[in-house]
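Here the structure comes first, spelled out in structure tokens, and everything after it is commentary.
Letters A, B, C and D mark the chains as written, and numbering starts fresh at 1 in each.
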């Protein structure tokens, strides 16, 4: 497996930008492996993901970003750089329900996802055996009506200690404070158990059941300070009918939640998501 | 093709009901072709669709309902009776956009739907050539800010004159009055161009685009006096991404609208829909 | 949860059959909870699944089948009787790949499937830790070119010892002998990693990749003595494109295999599958 | 609407290719609107679709290809150039069944597809009224056991006379000769009414019904001299069950055929399909 560099770019759309970037890579002996771009015509904004082989690239990886600085300034470009041999460092947050947790752990165990999980954080002790089976440290931090600030302080300390890139709320039923959310902008992914924006808030399955819908959905999105309003990354649905009870809505919904969360996390670890004006660009 | 009778039943759930019905049919020499039932456990309510061959049935079709009266009383049953050789009589209402209209006309023309269309009603003259191509009378009834009651009076007159069973709003952009709606309870089907209850009201595609959803939907539902709130019959969705503009949302949505409306109308003409507490039972 | 009896019936189609059955249940104080029927018109054959509440039923469960004997004779009916409180006893067979195994174990653990797993049988030792985590006895029976008859003898002994109802081949890569298959007719479910009948036999993903298909599939079917030819229970597909490599075909295929196998096993444990002339009736 | 040029490229994969192309466009004042690339790693082959604004481009459209010649030679590149304001010229071939024909005509009429239809060719007279409704010349060329070469000669004459880019076999049930096919390589699209390679040849629905599949499919592919073996462009499937008869297989299949053929034709008219080694690259 060759090691590659992956550059994610957003900038105002201007002629010559792609040319400048490909010249930069070419002149430093990089071979482009993948390139995807998108132009938001409404906002005249440009997005690109470009991945190149590092084998012969003549700039050491730690100096690439500074070498790109003149280009960034010229094109008013925001750029993020990642490397294929540096897995995303992910913290999993979970409450009582473990279907998303178990699914993600199983996938990482089978190396389906390019990520490391240095820790699991839960307000319940329930999943310690599962965590132990996969060899992942489990931090049980109980929450009471009064200790929320202390809990978040401890969570933040752990995230920093472990250099976490991404927090995944794998059915974590506590609302995070704005301060917490602001510290990891577009680095916290939640799975909401409905087809947003239908059925915002609590008990979406019960709401959907009462309305008599014929499809139920699930949504993976970045967390922002406004509840269930962050940029949507992935949505799936499944058919339901009069034969389904509320409990079968929930059962079917769990399958959706696993799929949609896995899809979103996979895209993140592949560095394929860009955010602009509360919407996402998710490259294939 | 044998002619069959189709009975749709709703009643409180009680032991022996299925037995009583099947005995009635058996004792009168009917052969059951299809039977589907559903029990709403929450409400202890029973729903059934039962279809039997009329060839040897010893009650003439016009006397079947009265022969069933004792059973209806015994079980507090609501019953609707139809016959496979009597196509549903459908009026199509349409405004400017003709994709649903064209699709339905084409399907009826190819005998995919067991229905007759005695008339099309529109507030625009646009679709006269299309109606003529399929040989269906086209009533152009323009609407002004002031003439709405007159328009509805004329529409109601036409529906009665033609013994209409079902009104299909094939992208008809006028809100019908409560009086109108109450006169055809669960006999008016609308297609709403979103995945209800997300994006109720006007411009759902623009709302969906602004929210950055990854799926758009379409909903066919019975019309009730509350806007976009009637019992849902069918819902479909299709994937969208950052590559889609608002106009491609609308384009993809039109496909959904056709599918979902066709599905709902087909189920209605097959006498497979029952309504209970603002939800539908839609048999396979 | 009430306990119910579930009767699966196949018979030549004749008038009065449904009536006879519902009378039998009614006269013995059974309340019908679910009833689904199907008529194969081509073959004039009738299929039914009928489920009733046992609470007040006046025949003890061990005598129900003999009480039904007169009806069975009258209508030339094949009948199978099961009870909702007697979970299906399932043996899992597995070779190297564990994705289907892990998925099924997790689902049983979370009580999503009404079945017990008294044993896992594998020709490899790889999955002992996983089996132990879920507390299920693991029988490692290695296979050499010469010992196949001995292996099958031991497998058959274990299946009988544990009163196994259903054998699930959860990616078990050995072909079972005709003798073995004949002993458990329509009681062995296999997952084939293609959309049968396309790509029968070995390496279906490589075949599909070479053909340049745009969808790959997976099929769960009953095992018969003819390879990959048994009655199909469930099939799923997923989109692929030029962007997919053979290894991503395999990765996506694994997801399909899990879904399709789970669906088939679930239907079996709910007693919803009937087989007739190498095709299945699978009730909703 | 700006006018754009669209270049489709295939070439051996070599470092600097993207850079060379983007420099060419940049130096001639072109603004890149869309760019998609794909590398077939197995064959070390490169594919690209690049679309740029012609407004300020300083090479007249008729000279662009010759200006690209040095690049083509340097990189051993095959290149096809199209323009967004020059709709694809499509001939529709059809036999008895008109569902695909009617669907395509309706879409072109509503300007959903960037194509002109200068003529329809059929071995039956059935669709003349439909063609007339849409104002398209209809050539009825009957086929007898003996006149096939004459028919093809006349068809070829018409295709040339009308400068046809693409032939769409919209349920045309005659096999075209190798000579005919070779004259329009990767310019003839057929819809096969099964999920290829399952059920090659005649009566695929009957074959699928006999096998008891749970999904039926449809495939749009380029025609090659080997029957049903050409590069696949699009495939769709739909669920079927024991409730479906052969005639409902056919009914559901018609919907699939329309979708899959429309999708393939749309991609062709958007210049998004490349063929390599009997497989397609179909850009989003």
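Everything that follows uses one rule, which is that contacts are C-beta pairs under 8 Å (C-beta built on N, C-alpha and C of every residue); 3 or more make two chains touch, one makes a residue touch a chain.
These numbers come from a predicted model, not from an experiment.
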item	value
Intersection of contact partners for chain A and chain C	B, D
When chain A is superposed on chain B by its C-alpha atoms, the rotation angle in degrees, nearest 5	180
Centroid comparison with chain C (C-alpha atoms), farthest chain	D
More contacts between chains, A-D or C-D	C-D
Equivalent interface to A-C, taken from B-D, A-B or B-C so that over half of the residue contact pairs match	B-D
Whole-Å gap separating chain C and chain D, where each centre is the average of the chain's CA atoms	42
Centroid distance [mean C-alpha coordinates] between chain D and chain A, Å	37
Multi-chain contact sites of chain C, meaning residues that touch two or more partners	243, 284
Chain C contact footprint on chain A (complex, rising order)	99, 102, 106, 110, 112, 133, 243, 251, 284
Chain B residues touching chain A - in the complex, by the definition given at the top	38, 40-42, 47, 195-199, 211-215, 217, 231-237, 241-243, 245, 278-282
Touching residues (chain side chain D, partner chain A) in the complex	15-16, 18-19, 22-23, 25-26, 29-37, 39, 284
